[in-house]
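Below is one structure, written out as structure tokens, with a few remarks after it.
Chain lettering (A, B, C and D) follows the sequence in which the chains are written, and residue indices restart at 1 in each chain.
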């Protein structure tokens, strides 16, 4: 059994990490930390863990040595605690934004929490694209949830040379991505009916998508990214509006690029018209799963390729990808502990 | 592997039965029928089954012999098709209302679909209370979802002699209990904001609760049942307002009655104040699970005992209990195939 | 023009009071106070007031003399500030719980904010029942929203001698009643799917309903009150389960009691079966209005009378009733400034 | 009093037209037709009209002469019934898509319901842009709701020469735009959690926006339009991603173009940062109003201008604009009957 600790386990991503790891056959959760909930049972903030035999939360400083550490602390915290944390963990998977970008890019998008130069680079944990490198990785950074969805949609098209390197990504997101700390904009009466483009420009996933596309598909695009809050709790839908590099008659070429990319990958599905009563990617039936649904359509006359990508921001967009990466790092079956198929209707 | 067929598998309960059985280690789904979807893949109406290797839907009349049959057809249909269906299945678990009540009671509450007298009685499939009889049962009737929640709350109090035999059950329910067929009252613009006591009196679960309480706890109560539609898809919350048979100082006696009843039962939890950031039974974190959460409070001055019971109407209230009963019938571990713990937040 | 000040106008009830008064033809809003928003425009926290020419928020202590003061401060605040506030206002309408109960009862239900004995009694502002006294009232207390709904349903039955003096009130409520201050239980991811009986016993509206029924219908009932949070923002549905004092054949007598009580009252409607595609009281189409919908059904066999009452907790349950009372106090037409009919669908 | 008839008044836009007209001081509703509800009271399908003295629904064929007719029939119906309808009405305002496009364009986007060549052209009813022509118009076509929002955002930028003539419009919409007829995709369990790009390409508002921009701002753009269903009932948010025609340092120029365009127009507001606790255009506080909120942001580095436009699809996007046009046609004050300011929170 691999001994895993979860740092910052009192929030929503932490709760999902715990749900997945507590049911994982190859893992023992040896410690879970939370400043706010130290001393309490894991099911105090996480009702879905009710009835499980588990340890109690420790404070961060009580962290003991472990084989693998998953950090769910807010951005900036792992950088700040790096010496202590890295001394106790053989391998680290970070779910924050601290190590998603290369150093120079990071300082630009996260100027308040720059990375000291002596910190290691993390492998970008997008398993369908960096899986080979994850096997031997010591440090892994889980992508941002909206960047993750956008990249799964965009990368195959860029790599296939089908699109011009300038895209609009219009991402829609539920409230859970904002975390477990209440504030005015997440107060239920203010948020319940929200349909609010809360970050029209300047969102930090812009830099993440641009950088990762350059590294993984060889072309640095200009990404026009906006994020809109919608009236739901879980789920991201990223609508990628791309423009054909050459004349297309229909969606067959982009569809082929997507389908061939993900054919061997168990967590990404490319939906086809008429195969389902609802052939559109939607987060709802993916809630709790590590799956991403994609679909592509083409406006041949105007030269636009639209790829929609749906996923659960807390699972495929966070905790599930962390476990997926962990499986690869440990040489376990890719889908171990990630078998849940979702619910419908929900 | 037990060969199981699912009759009427195109609806919501059917979809959840398929989800559970397709992942069940001791079961092979040999057939799934649907008139509407005959010939289509199982994931056509059920997006959460996407990517699974499965059979296609057959029409009902193509039913072939099987070890156990689960019927998810609407009420009245299994009665109507009884000769053909019962000839093909060694054992039958019915999720409709056709066999929940005793014959005389049934005709009164379901006058349009009375049971011929030569039909067998079904064992009432409330595993925490009828588990011993389920092991040998040939025919099992899964309780109605709101009756199920109310009975789990009420039976321990009645059996312990703590309450007078007249109770108010105010049940709140999401829209999925109404099934997959669109109509005006379930049209999204009409239903999305609904807070509507759609059945203040005369609901058929009245008779089911009265009858089952008499059979299982030895006292026939008068049940005052009302059902209110709330703005959600999944989930039932049954608020049972009972009245103390004698003076109580606090909730300790009723709490003891509930706790001792369910101590050995893995799917029923009795919540206690202060043990959780949210110590109230709620359906949301139970979505997809076979669990029921209970909590009790007492107004000592006015002599009222309130028990709230939450469950997922499609799982603990339908498909999950069917699989739970199947496990008991097959001598399998009670929780097999029912390990999902739920999601939070949702 | 009557010069009106609104104390504590930065919250949700305050926002609705402002919306109604700013469009009221006989009223001038001379001042609106808010500690949190002092110095800001009224539309800073209240987006629906956008584009109106209005004053800015003052701090509470800057209150100047006015003809009528409406206080929307939290419970306890008006008691605490009574000397200063009462010196500046000829007449006061209070939307908090400070003056809803008689003194002795108040101290029992609100022990943290008892009323000094030298404070005046307020007239209970339930216009359909206390309208005659409101005309000359100097001080008016607006009822609690759930108590308001329950009383409109219950009082006619008690007065007509139709029911026994022991009732169950199962109230369902949206999140806006909890106010504008964020906390964990109102954090969107925690509240969005909530179906949670958050106050099964001991709710303070219990005492309000018992006391007001005694004063207004002459009989002190035992009220068994529970409150359940449902996934919506606005609206209350109170389900009153009452028990017939004598054998009833059908709903005609209770219906007559309700209909005759409210025949002349423009804001209370008694719904009848078959008169509408949706003949059930629901808060959604009443959002923003000062209306309450009632319907009654009877289980003749079990002797139960169920009255459902729906209203908008922020309008009929708060701001609208305050304006209704103001109209009566000023001798204006009862419906002035309260003409909005609601939206459907919503 | 102008005698107005409403054709096809049983649906959602019809219900809102009736709500507005029944409270309009210069209008008498002389007839309302509905095939489905003929003979029933207006409040049978429209609960928010409860308690009003109104006529009953007539069948379409019973239409009698009137001064102005508002048609809310589905697209294709007014074309089909043109000879009979036009013979009875002096002036016609159509809320369907039948007359929004010029003839040649119409046939291309609506090939199933082409317009015979002898039908008159309708004035496009976008009051802030075509108000002068509406005064004398005999026939007016109300814009599509998503096109309406997009045009209010886009036209000032195009006219000011600030943007290149190729834009992405990513529109988000509630369920009420789909009308009152139930089907699978609008069945509550399927629609309640939907976040679904149901029309990624080929949406007919594409042609409407392209054509109207050419006519009203002098440049024909390429419009890349997608529509996404979000979990709400009312409201449209159109996110217009445009690209600066020249280098911009910040949002001041586009902001000036928007602000100067709408300064004199009472129903369009341009939001500014820091002026509100929530400075983003959102449909929720606009529900029931005839208002549109706009805000603009600029990514100077990447040359993108984002304008978000929010409105209520049934009011500003349908019934309210019809009444606005009616006011202009009748020489009445522009805001008459359209004074409702919206609700918050909702």
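Here is the rule we go by: a residue touches a chain if its C-beta (ideal position, glycine included) is under 8 Å from a C-beta of that chain, and two chains touch if they have at least 3 such contacts.
Predicted, not measured: the structure shown is a model, and the values here were computed from it.
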Review point. Between A-B and B-D, which chain pair is linked by more C-beta pairs in contact?
Key: A-B
**Study point:** Chain located farthest away, centre of chain D as origin (C-alpha)
**Key:** B
Revision key, fill the gap. So, in whole Å, the Cα centroid of chain A is separated from that of chain B by 36
Check your understanding: Centre to centre, by mean C-alpha position, how many angstrom separate chain B and chain D?
Key -> 45
Revision key, fill the gap. Among chain C residues, those touching two or more other chains are 12, 176, 184, 189, 192-193, 231-233, 277-278, 282, 345-346
Review point. Mind pulling up the chain D residues that touch chain C in the complex?
Key: 12, 15-16, 19, 23, 41, 43-52, 176, 233-234, 266, 269, 275-278, 282, 285, 287-288, 291, 293, 339-346
Exercise for review: Name, in rising order, each residue of chain A that touches chain C in their complex.
Suggested key: 12, 174-176, 178, 180-184, 186-189, 191-193, 231-233
Revision key, fill the gap. In the complex, chain B touches chain C at residues 168, 170, 172, 184-185, 189-190, 192-198, 200-202, 222-224, 226, 228, 230-232, 235, 237, 239, 241, 277-278, 280-284, 295, 297-299, 302, 304, 306, 308, 310, 345-346
